[in-house]
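Same chain, two partners: chain A is paired with chain B first, then with chain C.
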Partner chain A sequence: MFKAIVSAETLTSALDSVSVLVDECKIHLEEDGLEIRAVDPANVGMVDLSLDAAAFESYEADGGLIGVDLSRLEDIAGMADSGQLIQLELDEETRKLHIQIDGLEYTLALIDPDSIRQEPDIPDLDLPAEVVLEGSDVNRSVTAADMVSDHIALGVDDAAEYFYVDAEGDTDDVHLELTQEDLIDLQVGPAHSLFSLDYLKDMNKAIPADAEVTLALGEEFPVKIYFGFAEGQGQVTYMLAPRIQSD
Partner chain B sequence: MEFATFATRAATIDAEPADLEIVDHVRALLEAAGEDLEIVARFVQGRVFPAWDSTTLDIGPRTCYEAIARAAGTNVDADDVEERLADRGEIGDVAASYDFGGQQGLGAFTGRGDAGGDGNTGSNGGELTTREVAETLSDLAAADGAGSQDRKVDLLFGLFNRCSSVEARYLSRLVLSEMRIGVGEGTVRDAIAAAFDVPDDRVERALQVSNDYGRVARVARDAGLEGLDAMDLEIGRPVQAMLAQAGTVMGALKDWDEAGVEWKYDGARIQLHHEPPSSPGSNGAPAGANDAATTRIYSRNMEDVTNALPEVVEFAEETLEQPAILDGEVVAVDDAGEPLPFQEVLKRFRRKHDVAKAREEISVRPVFFDCLHAAGEDLLSEPLTRRHDRLEQLLSADENLDPAAVDGLSLLWFSDDPEAIESIDAEALEAGHEGIMLKDPDSTYSPGRRGKHWRKRKPDIETLDCVVTGAEWGEGRRATFLGTFELSVRDGDASEKRGSARSTGAPQHLETIGKVATGITDETLAELTALLEPHIVAEDGQDVDLEPAVVFEVGYEEIQSSPTYSSGYALRFPRFVGVRHDKDPAEADTLERVQRLRYGGRR
Partner chain C sequence: MRLDDYIEDLEPDEEAKRRRLAKEKSYAITDHLEEFEQRFDDALSGDTLVGSTSPSIFVGRSNYPDIPIGLLSPVGDEDAADEYVTDGAWYQQGYGIDDVLQRRTGLLNSSKRANVDSPSIASRLTPSVHDTWDGFVGVQREVAIADRPVDLEIGLDDTPDLGLDAGTDVATPRGPRANARNAELRENPSVPKPVKKTLEDDDWQAQGAMTYLYRRGFDVYDINSILSAGALGETDQRRLVPTRWSITAVDDTVGQFLRGRIRNERGIDEVQVWANEYMGNRYWIVLAPGSWEFELVEMKAPGSIWNPNPEDDIWLQSASEGYEGRSSYVEETAGAYYAARLAVLEHLESIGRQAKCLVLREVSDDYWAPVGVWQVRESVRNAFDGEYGEAETFHDAVSQVATQLPVGYQRLQRKSELAAGLQSSLDAFSQPP
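Showing the complex of A and B:
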């Protein structure tokens, strides 16, 4: 059983943060909210999303599992204006999702969850450094790095106590430093890892400019990026594996 | 089998020049393939899917370059890969030249080394298997819609990222269909026979009916000869079409005494697979056993063209009451049912959109000339005569019906008489078709073979430029046209004696060599009549004498000695090619050239 009413904005934010990595996903319809975990085909980037029941206008579920084609569902959600409400109801017999936006009704065929790539185990990482910053600063870092390179190094200078971004291109380089004052919070620790911008650019698309974003970093370790949405009732955690640094 | 093992063995085969050694390497590879035998038997030929399956990866070179670039390291882009390709000339070499694997997978950090059970989520540290490659490529082929190109790059990147140099070499060649390690279909057939100790002709038969090298390899290994012999045609799995080579009527009659003769249609080859609703005669075909009829149409390349040809589907549903696999052509026809040129068929053949609209503009109709399967019985090893009988039975509602009245049936005549065959050829041309096919009446159906059992009559070995010296007025609707043109050649020696005919304007010394009446449309006949009528010097009933003025280029199959014509020779199967407006009679071919062509061997 699943029946819920949610604002178009909340639903779209949730879907967008998953669709930057995968085309299809499983959605767990838990009693206390939705949960999605997915990993990209190369097993490099992962998303772990939860959206509390409190983020919905109304929410009823009893622990079901459905598989969805994300771009379809995003297209439908895109039919609503941002203030509009979307009503979702699962038809258990036909295994279809009825979606209603005012007078518009859409019946979405679901995907067999078994045909969707298995959900990833979440690596249990003990990352020494933690950087809390505004979404707009993440955006600025990624955009600057992308101008010169297809990779980005993220690190924390644990002596001078600042967070930095490095990108080395064939000809041009970019370096950005954010000190304690520029950041919301900084927990200093040894951290330096190189990441593919292909992935980070996609993840960045889902990070709201005004969100408070936490980056957890280590040395040659994946980065964990988490932020809230829907007034804190939704949480997204991305994890991105590093690239081995040559030399 | 680990993909690295496959790639290493592929490299060995790649480096081996001797065919027999290659077969032996492939044999060893198949023996070592274990659970992945089907995949390996396809991969080694550069195939990802069985031959009957029209699924394609649909990966453009650029997609592959992007995936390679992403896996190759920092600041490598698709242009760099393309540049390196221009240097090295071969994608495998380019892929092998990069150092992949820099991008780590999350699996390396979960502490288990492998994040999931289905292989795809394994850490990039794990060994890539041929099965994982096959599964990923199959996901990739299934990707469609918005963003599918990105998804293909992602999937391919995920594979390359886990590749060693030698793996990358053969993965890139595999995805771009450029395997080229010298392993052809015959190699795999022989290797299957050697690996699993079964006779190669039985492997060949199983391959012909199944069109699936992977499956044949597995059946040969797991079920032996018995299993191979039990493999049958399946409705919904196309087999390769039997092909014809060029040949002559005289050659065919010499080889077979009697030849099967049928019209050669100017259309596109199709293979029709039809299963009527819940037919009891079905041999367990996957597509069958349901309430609705199942009809699939495949092109010569085994591409599914069903949706483009609704008329053929309708024809099958209305006509066929038994499961069947038929071989034929689809021909474009005008409103009167007359055939249109091949280009018109192509406008319909691979059409994916606006089929209904295209159908309004150009109609097509099927003509079937062979039957591979009828009512549960495979007919590949039956002689042509029996297959054609079965075809006729399937297509005719009433067995007393004149075959000529059976819709969709290509007529087959048997004859040992060149004259009779010539007249069939003339009728075919008259009806707007390409000419005739000659078939060995006793021959079996051999899929994919361009054998000597089917021959396209080679129309013109050589052409002659002949002077038109006579004609006949036509009959019926052609009563106002000149036709059946008498052809002559110059007797060069005689002309010499009289001095240069051209400079003096003296009449040519000409000898007749044959008559041409075929290969001419009504439109052309009208033009020729207008061209020749001013040159009529005498008329006797339908017969007309012409002064030597016009030169025809004429094709023929053979020159024979003949008392019928004054030259002492006759053209066998003469065919009008065109008017040589650029030549006058003094420049027409000579008797000497005719003699040279007759005795001197052909160029």
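Showing the complex of A and C:
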């Protein structure tokens, strides 16, 4: 059983943060909210999302599992204005999702969850450095790096106590330093890893400019990017594997 | 073999000297053209080339969609027509730049303009070239799908424009040209069964038909010609395709097919370096364990064809893709990217493995005239014959190879996505429970 009413904005934010990595996903319809976990086919980027029942206008579910084509569902959600409400109801018999937006009814065929890539186990990483900054600073870093290169280095100088972003291109360089004062919080530790901008640009699209973003970093280790949306009632954790410079 | 021994064992390119001589003697081209003129006069009867034969076609792209389409014929050397076809045999026979230019100056391009999709008035309602087998376009299509040179007669409107158009990064150079009035078959062309099958199937997407032909043993050169003639794909989609575009389209399509075949295969076990040298182009291919990733980096020496000023710096270009391929067109390295990628994928598919792959192409000033992208394809294909050098890690291999390159390791790392860092996957960081 699944029946819920949610604002178009909240639903769209949730779907967008998953669709940057995968085309299809499984959605767990838990009693206390929705959960989505997915990894891209290359096993490089992972998303772990939860949207609490409190983020919905109304929410009833009893632990079902559905498989959806994300771009289809995004297209439908895109029919609503951001303030409008979207009503979702699962028909258990036909395995279809009934979607209503102000009189517009759409019946979405679901995908057999077994045919969707297996959900990833979330690696248990020991990441020594943690940086908390505004979404707009993440956006600034990624946008500037993209002008000169296809990859970006994120690191923490543990002696001088600042977080930095480096991008080296064929001819031009980008460098950004953010100290304790510029950041919301900084937990210093040895960290320097290189990441593909292709992935980071996509993840960046899903990060609201005013969100508080936590980056957990290590040396040639994946980065964990954590932020909230829907007034803190939705949480996204991305994990991105580094480009290895040493082997 | 250890990589340092492997590098030491590589023989200096003995062809290089001969090519340098050829370069100084490029007046030889003028001789080829004079020879052609003589043969041409002998072959002409009135304004018609009789007893001619055509092994291949050329489809231009100027003024698209009203493009020049041409029949290529070796005037006066009909018995050897097969040898005028650009394909892997040129590499096997050790053709130098001069040999290529000689072949191409001996090949007359008799051309006529046609629309890519509606060459006859009758087909205006359904603009597609699929049932056009009459007239000049029809003859040209017959030649393209035949598996051997086709005898024909070509009526010319004027005398040939002698000369040689330099090749490009993709297309082979072109020789003399004449405007054709008409062409007639003098025999029933021999068309292989699989080609008939793709021709007759009206509901088969071009990509699928191309890979079908590839799997049936047709090389990309044959498929390229068939695609150019608009002889595969869903019937209402069939168009004449400029040669340059179809070369890249076939390399890309077959490459995607092969990439799909190795997607779930194991990675290779060790870091390998393969090298080859041909026509003033040197190739280093570094393969490393892990999931598919590919990059081509080109280094063009000052004084070589695309970087003509001898005072200039080495010119670097690169393009790369990850496990799932590219979502955008390659801006740098163009056709060479798809040709090199195809060659590497063929090797990986033959051993049933995937790998991370960096191809380094060094173009020296010995490469004085571009001969077309077949040179890249065949050089990389043949690099996998023989031995390779082993290295401990990918970055060890690249830094060692960099000592042989005209640019240092650091500059390479700035330009090359793979040299900067190899994409790892998340499972490498998962702790066993």
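Please note the rule applied: the second predicted complex is superposed on the first by the 245 of 247 C-alpha atoms of A that agree within 3 Å, B and C clash if a C-alpha of one lies under 4 Å from a C-alpha of the other, contacts with A are read in each partner's own complex, and residues count from 1 in each chain.
Note that a contact is a pair of C-beta atoms (placed from the backbone, for glycine too) under 8 Å apart; a residue touches a chain by one contact, two chains touch by 3 or more.
Only a predicted model underlies this, so the values are computations on that prediction, with no experimental measurement involved.
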Side-by-side fit of chain B and chain C on chain A, or clash: clash
Chain B versus chain C as contact partner of A:S71, first or second or both or neither: first
Partner chain in contact with A:Q180 - chain B first, chain C second, else both or neither: neither
Which superposed partner A:D23 touches (first chain B, second chain C, both, neither): first
Contacts of A:V44 with chain B and chain C, given as first, second, both or neither: both
Overlap of the chain B and chain C footprints on chain A, listed as residue numbers: 39-46, 120-121, 123-125, 150-151, 168-170, 194, 196, 198, 221-222, 239, 241-244, 246
Chain C-touching residues of chain A, taken from the complex the two chains share: 39-46, 120-121, 123-125, 150-151, 168-171, 194, 196, 198, 221-222, 239, 241-247
Parts of chain A lying in touch with chain B, wherever the complex brings them together: 23, 39-46, 71, 117-125, 149-151, 168-170, 194, 196, 198, 221-222, 239, 241-244, 246
Complex contacts: residues of chain B adjacent to chain A: 70, 73-77, 101-112, 115-118, 120-124, 136, 139, 143, 145-147, 151, 154-155, 157-158, 161
Interfacial residue positions of chain C with respect to chain A in the complex: 291, 316, 320, 322-324, 393-395, 413-415, 417, 420-431
